[in-house]
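The following blocks contain the structures, represented as structure tokens.
Both complexes below contain chain A, partnered by chain B and then by chain C.
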Partner chain A sequence: MARKLPRKDVVIVGLGWTGSIMAHELTDEGLDVIAIERGPWRDSPTDFPPSYMQDELRYRVRHELFLRPDQTTFTFRNKLDQTALPIRSWGPFMPPNGVGGGGVHWNAETWRFLPSDFVLRTHLTERYGASFLPQDMTIQDWGVTYDDLEPHYDRFEYLCGTSGTAGNLKGQIQEGGNPFEGPRSRPYPNPAQKQPFSPTLFAKAARELGYKPFPQPSGNLSQAYTNPLGLRLGPCTYCGFCEWFGCGNYSKASPQTTILPVLVRKSNFSLRDNSEVTRINTDRSGKRATGVTFVDTSGEEWEQPADLVILSAFSLFNVQLLLLSKIGEPYDPVANKGVIGRNFTHQTVSTVNGFFDSKKFNFNPFIGSGSIGMCIDEFNGDNFDHGPHGFVGGGYMGQVQTGARPIESTLVPPGTPKWGAAWKNAVRDNYLSTVKPGTGVHGSFYAYRDVYLDLDPTYRDRFGRPLMRMTIDFHDNEVKQNAFLTDKFAEIITAMGANQVAKQYRVAPYDATQYQTTHVNGGAVMGADPKTSALNRYLQSWDVPNLFVLGASAFPQNAGYNPTGTVAALAFHSAAAIRDQYLKNPGRLVDA
Partner chain B sequence: MRNARLTSARRAAGALVWLLAAVASAVGAESDPQDFTQVERGRYLAVASDCAACHTVPGSGRPFAGGRAIETPFGNIVAPNITPDSETGIVAWSDDAFEAALRKGVRPDGARLYPAMPFNAYTRMSRSDVLAIRAYLNTLEPVRHAVVANMLPFPFNIRAAMRVWDALYFREGEYKPDPQKSPAWNRGAFLVDGPGHCGTCHTPKSFLGGDKTSQYLQGATLQGWFAPDITNDSRRGLGNWSVDDVSAYLRTGHNGATAATGPMAEEIALASSHMTDGDVRAIATYLKSLPGRQDGPPPLRADDPAMVAGQAIYRDQCSACHGLDGKGIPRLFPAIADSSAVRATDPATLIRIVLRGARSVATDAEPTSPGMPSYGWQLDDAQVAAVLTYIRNAWGSAARAVPAEDVTRARSALASRPD
Partner chain C sequence: MKDEPVMRVGFRRRELLAGTALLLLTGFASRAAVVQGPLPWAPNAGNPPVPARPGPWAFFTGAEGRAVEAMADRIIPPDPQTPGGKDAGCAVFVDRQLAGPYGRQDGLYVRPPFQNGIKQQGPQSEAGPAQQYRQALAALDNYCKSKYAGKVFADLTDDDKDATLKGLESGAVKLDGTDGQAFFEQAVKDVQMGFFADPLYGGNRDMAAWKMIGYPGARYNYLDWVDRHNERFPLPPVSMAGRAEWTPKTR
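What follows is the complex of A and B.
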């Protein structure tokens, strides 16, 4: 029997980026807010200090910051007719854990999606006709537009101190920025980071091929910055330990550096860490959330009643909690009916390594930063005519020098022996003169009828609940898209002067052991129609109006960008709707 | 909230005060919890006096209920309960008894207080000042919490010994303004020497724990820290800070050069960050008028072996945050090239921060609260000594080299410290 705690105005499940943003907004509104976090408390100088954080074995290889699969995992299969098996070591994505969530270990690539991404089905149908899309592709419009989100993208970028070069200021295309981006209301708060040699060379080659390269927008600071909350950040030191690692130099935007020190000083905020929410509770009608149930590390079960429930865990856990709490109709891929688990997506990532003459090129690849690099956007979204190519979607591509950490940076040209003196010599000869893009090709992953999440019929967790099952594979559209983009990318690497390039296409089947990105999205998507979406445009549950579900689980499909900027903009958009509309008149914010 | 018995007792005491006040009005206003003006003045003086630091166990949620052990070179003294509780607090004390404790170091039973209670500073406040503090304390929630104050070993547990100490070191008397100086200077001198009791930490002590007045505010070692020189000494003190720099430090815990940590972080969080801008500027004005020593050793040569080793360690371990030029990032990473604390006579604070790391204070104005990690597991005693010797003598600075033995001693002393 769960012990009942005193009621709060708001309970927030998961204190990562979106939970921190919402907690800050709602405590500013005067509400009494409690956050419940499955993992531990984490802070910059005590948990990832620069004195030992640069430890590739501990953090990268052994996944120090991530959820232990012993605590919770998923089952995985490619096809509907297969039996899924549990993931016992994280592969294609890294579920975060602990205060700060993915905001601790991200590379801080801080993009905005294209205006056309938000109206994807309408846009592609208008341009190419409905028959151009594969039959089983279930892409849809988001219910919000780029213009709706622009002020919220802006708030996040100024919160983070994002470094970048604007490409479109109020409709005026700007030299040196991304000419394809949507109009922004003002420049980035900080100039782009200084580029090392290899991105500079990439940009030169891209320019010569007729593209318009621009610096990747980065949540790593190019200079000291004080954010609107009065928090201080320092310039990035290019240590090259960013993704997979926390930043103890106060140089990477994270909840720890941009929100939490202010949030924890507020008397109307409290946090319970090391407490795993197991259920969202509803009343007998099933139309109203009454709070959440969680379990502490002693196995004690607690009930936290609240008027408003904010589900802001990592995307997969949001969907899992909705399924386990029986909120919303689970998706059935055969009938193509139901919403929870629908439109699950990931990313289509590939790379091309370039081997250069070590006598002529020294890239000092250890000079790294999470999102320091030059990119092009000519092949993203619908920035190019897909008519001749027979696929839709795309991605940005770029030479992003995230670092050259010793264990993973032993690239050798194709044909080199895999061990022994020849291999060692090749590692030595190529370390400084190899281009190993930290990003490479970052392609979209559109939604399909048979890519989805549901509860596994076989495997159960330590509480006896079914694990969540992932059914996911690459479809021809994404495979074609990736081949096209990877070839284009290889042309630029070759034009930089590489002697040899090694293309690593993304191919089917989807491999549960190979890391791609942690951008697993969808499953509780937003939209205009309750039949095909779990949430309305404000991330409010259609079924339970005092429940809001934040995070990339709301993406109807994934664009060719890193998701965090959009995740955060949607959270600010949702917070504004709660503050300005919901609290005045609690109930459905959109009629359907 | 309070019980009737207490209220009637207070009323009876109040009536007595009325009678006394009629004859003793020349002495100043008596403590009166009805008088908002007096209560508010008392609250402010209690903040400036940092009463909460000693009389509250941090995190206990029982403000002023006592119980915190104050570490002295002679042993621990536990701060008593000063809430208006009738049995374990001080509501039953007369105003005279309260004044005698704060301004004369004498308890109601006639015994002497230990100078862990800084009555030698509070004596600079007037009777009306301390009675205002009492009026404020009497408005607080009474907390029943009995505290055994004296935990000193023999012979220091004999309070009578304090008579000798008082004769040697205690000079009773309220602050007398210097008409030659500005009102700000006088206000600053009053705050520094009176409620602020800065000398309790910043003035070196004799072997009996009395102030070495010839080294007034020139820095002292206590509780494993070195409370730095806060005179206008340009090398070790505030000489290179403007009045704005000093006030920013006191009000926010941070300025362009440094950040507060350790006991000063607590002082700022509880006291000076809640003082008025005018008052912290007055403190700055006064401190910057104190000439200090203005002497010091010549810098070590750059080719000194410790300097060479120290520079290599500095580049490797420290420069990412503090910069190759030692300039840091304002209000995030201290500018150790400009930090007088780096050049302190006693490097205790420096050694401690490198060995154990440190967290700077968070205030409403500067909530970031950046921290420095511990290097005690990574650098050995000679390496810590070398890097500290380097930062004390680089960028045009000069200070005594830090011997490795000092680090060894500090490491062993810190190992047994709970804080």
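What follows is the complex of A and C.
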């Protein structure tokens, strides 16, 4: 039997970006908040010190900061008629673990989605007609607009000290920024980071081809900054150990550097770490959450009652907890009915490596930050006419120099043997003069009827609970999109002066051994209709109104950008609705 | 919650001193605790890496060690400027990795049932890398003995070694009871990883690989260099344990 703890006003499941944001907002409101986190407490000086964080083997190759698959993993198949097998070692994405969540080891690429991304089905149908979309594509509008979210994007960027160059200030297009972005109410809080040689060359080539390159918005700071909570961050030193790593330099925006030192000191906040929530409890009606059950490292089971439950784990674990807690109707792809597990998506990423003359080019590729680079947005979302191309969606592309750590960044030109003297010589000749984009082509992944999440019939986790099953494949639309974008990207890399380019198209089948991004989305999506969404526009569960589900699990489909900016904006939007509306009158915030 | 003391100070350090590196890697390094009030902090808290220890093989038998050293020298042959895989310590690296969490698949999902799937579902083997190396190295020497008049792989001429490895790579050479092609692919990856990983882990001795490619190592600050375009960075590599001349030999 679970031991029962004293009731709290709010229990928060998972203390990453969204849990930290919500905990900070609701403690400010005077509520008594407890967060329960599966992984350990982590902090910059103890867990990411500059004396040993630069360890490619330990953190990049052996995945030490991530969740371990023996704690839980997923099963995977491409098609409904296949048997799903477990992902035994992480491949296509890296589930985070511990306090700070993905905010610890993200690149800090801090984008806003396009205004048209939030009204995607309406927008594409109006422009191209409904028949232009593949029949089994289940994209939908979000139920919020860019204008609804703009103040919340702004709050997140100022919390983080995001470094960038605005492209659209209150409707006025700005030189040097992204001319396609939605209007922003004010500039970025910090100027863009300095650019190394290869992104500078990329921008020059792109400009000559008629594009409008701009610096990638970065949560790695270009200068010292004090955020609105009074926390101080230092300038990024371009060490090249950012993605996959924690920052020991207080230079990367994370919950640790921007929220937690203030949050943890509040008398109405507490955290239990190394404690895994196994269930969201509901009353007999199933319409009211009563709290959560969790297990600590000694195997002891506890019940934490609360009036309000915030589910803010990693996207996939949100969906898994809803399924295991039997909240919401599980999605059935055959009947095309139900909502939990519906509209699961990932990203469509590819790259082009450029090999340059080593006598003329030295890129010092080891100099990097998670998000320094120059990008173009001409081929993202609906920024170009898709009519002649026969697909929808797109992505940004750029030369983002994230640090050429040598285990994975010693590339050789196509045709070189994989080992032996020829390989060794090619490695020696090419390391400093190769452009290996840290991001490359970062494309959208739209939703389909047969791409979804449910519980696996066979495989179990260490508690004996079913693993979640991913059924996912690339559809023709994304394959076409990627071929088009990758070719455009290769033109720019060639124009930079590369002797040889190696195009790495993304093709079907979806491969669980190939890393793309950790941007797995959907499964508990937001929307205007409870038949096709699990959450309303405030991320409130349609079925259980005192449950809010934060994170990218709410994305109805994925856009061609990194998700964190939008994830955080949605969390602030949800927090504002709880503070301004829900607490005054707890219940459904939207009538269905 | 008075019955649950706020316990944090000292946990990690004590576990570290007890040498339980395994615990640290499995995600259960620390016990569940309540965090409230001051940020948890303790002197000398942290989780530094565990260096490869100098000395005899930790996983390989003598014969296995010779075979892997011989393979390492064909995967990364010595040349006048840079040592080969053997002298760079790549076999030591692989040995220490196989003796540790990687060899045992610690932290990975190894629950049954085990069934072969399609390639994109990834490896589904119950046997970890340690067991796979043991089987494959024995099978490799058996193959060589029957083909090359009783000689094991390490005793072949360089040309015969290369022919054998190329055969494994293409699938033309089959090993008894194990997938030789998959084994060789893994061995190439592991040996090259040892060449480029921090010398702390036993390979990349004297930072030979980093010097070879011009990688400055575990530095933390390029503020003065980020906008110096197309200029060669002048400083020599540094390991997490310092400069090459300070690094103890591992074997």
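The definition used in the following text is that the second predicted complex is superposed on the first by the 592 of 592 C-alpha atoms of A that agree within 3 Å, B and C clash if a C-alpha of one lies under 4 Å from a C-alpha of the other, contacts with A are read in each partner's own complex, and residues count from 1 in each chain.
Definition applied: contacts are C-beta pairs under 8 Å (C-beta built on N, C-alpha and C of every residue); 3 or more make two chains touch, one makes a residue touch a chain.
Everything numeric in this text was worked out from a predicted model, so none of it was measured.
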item	value
Which superposed partner A:Thr237 touches (first chain B, second chain C, both, neither)	both
Contacts of A:Tyr250 with chain B and chain C, given as first, second, both or neither	first
Which of chain B and chain C A:Ser270 touches, first, second, both or neither	second
First, second, both or neither for A:Phe366, with chain B first and chain C second	second
First (chain B), second (chain C), both or neither touched by A:Pro49	both
Superposition-derived comparison: chain B or chain C, residues of chain A touched	C
Contacts of A:Pro261 with chain B and chain C, given as first, second, both or neither	both
Interface residues of chain A shared between complexes with chain B and chain C	43, 45-46, 49-52, 235, 237, 239, 248-249, 261, 265
Chain A residues within the chain C interface of the complex	5-6, 39-41, 43, 45-47, 49-52, 54-58, 61-62, 64, 67-71, 73, 76-78, 82-83, 85-89, 91, 97, 194-197, 200, 235, 237-240, 248-249, 260-261, 264-265, 267, 269-275, 296-298, 361-364, 366-367, 372, 404, 406-407, 410, 418-421, 424-425, 427-428, 431-432, 458-460, 509-513
Chain A contact footprint on chain C (complex, rising order)	1, 8, 12, 25-41, 45-49, 74-77, 79, 82, 101-102, 105-111, 113, 115, 117-124, 162, 165, 169, 188, 192-193, 196-198, 201, 209-210, 212-223, 225-227, 229-233, 240
Chain A-facing residues of chain B, complex	317, 320-321, 329-333, 357, 359, 362, 364-375, 378
Residue ranges of chain A in contact with chain B within the complex	43-46, 49-52, 224, 226, 229-235, 237, 239, 248-250, 261-262, 265
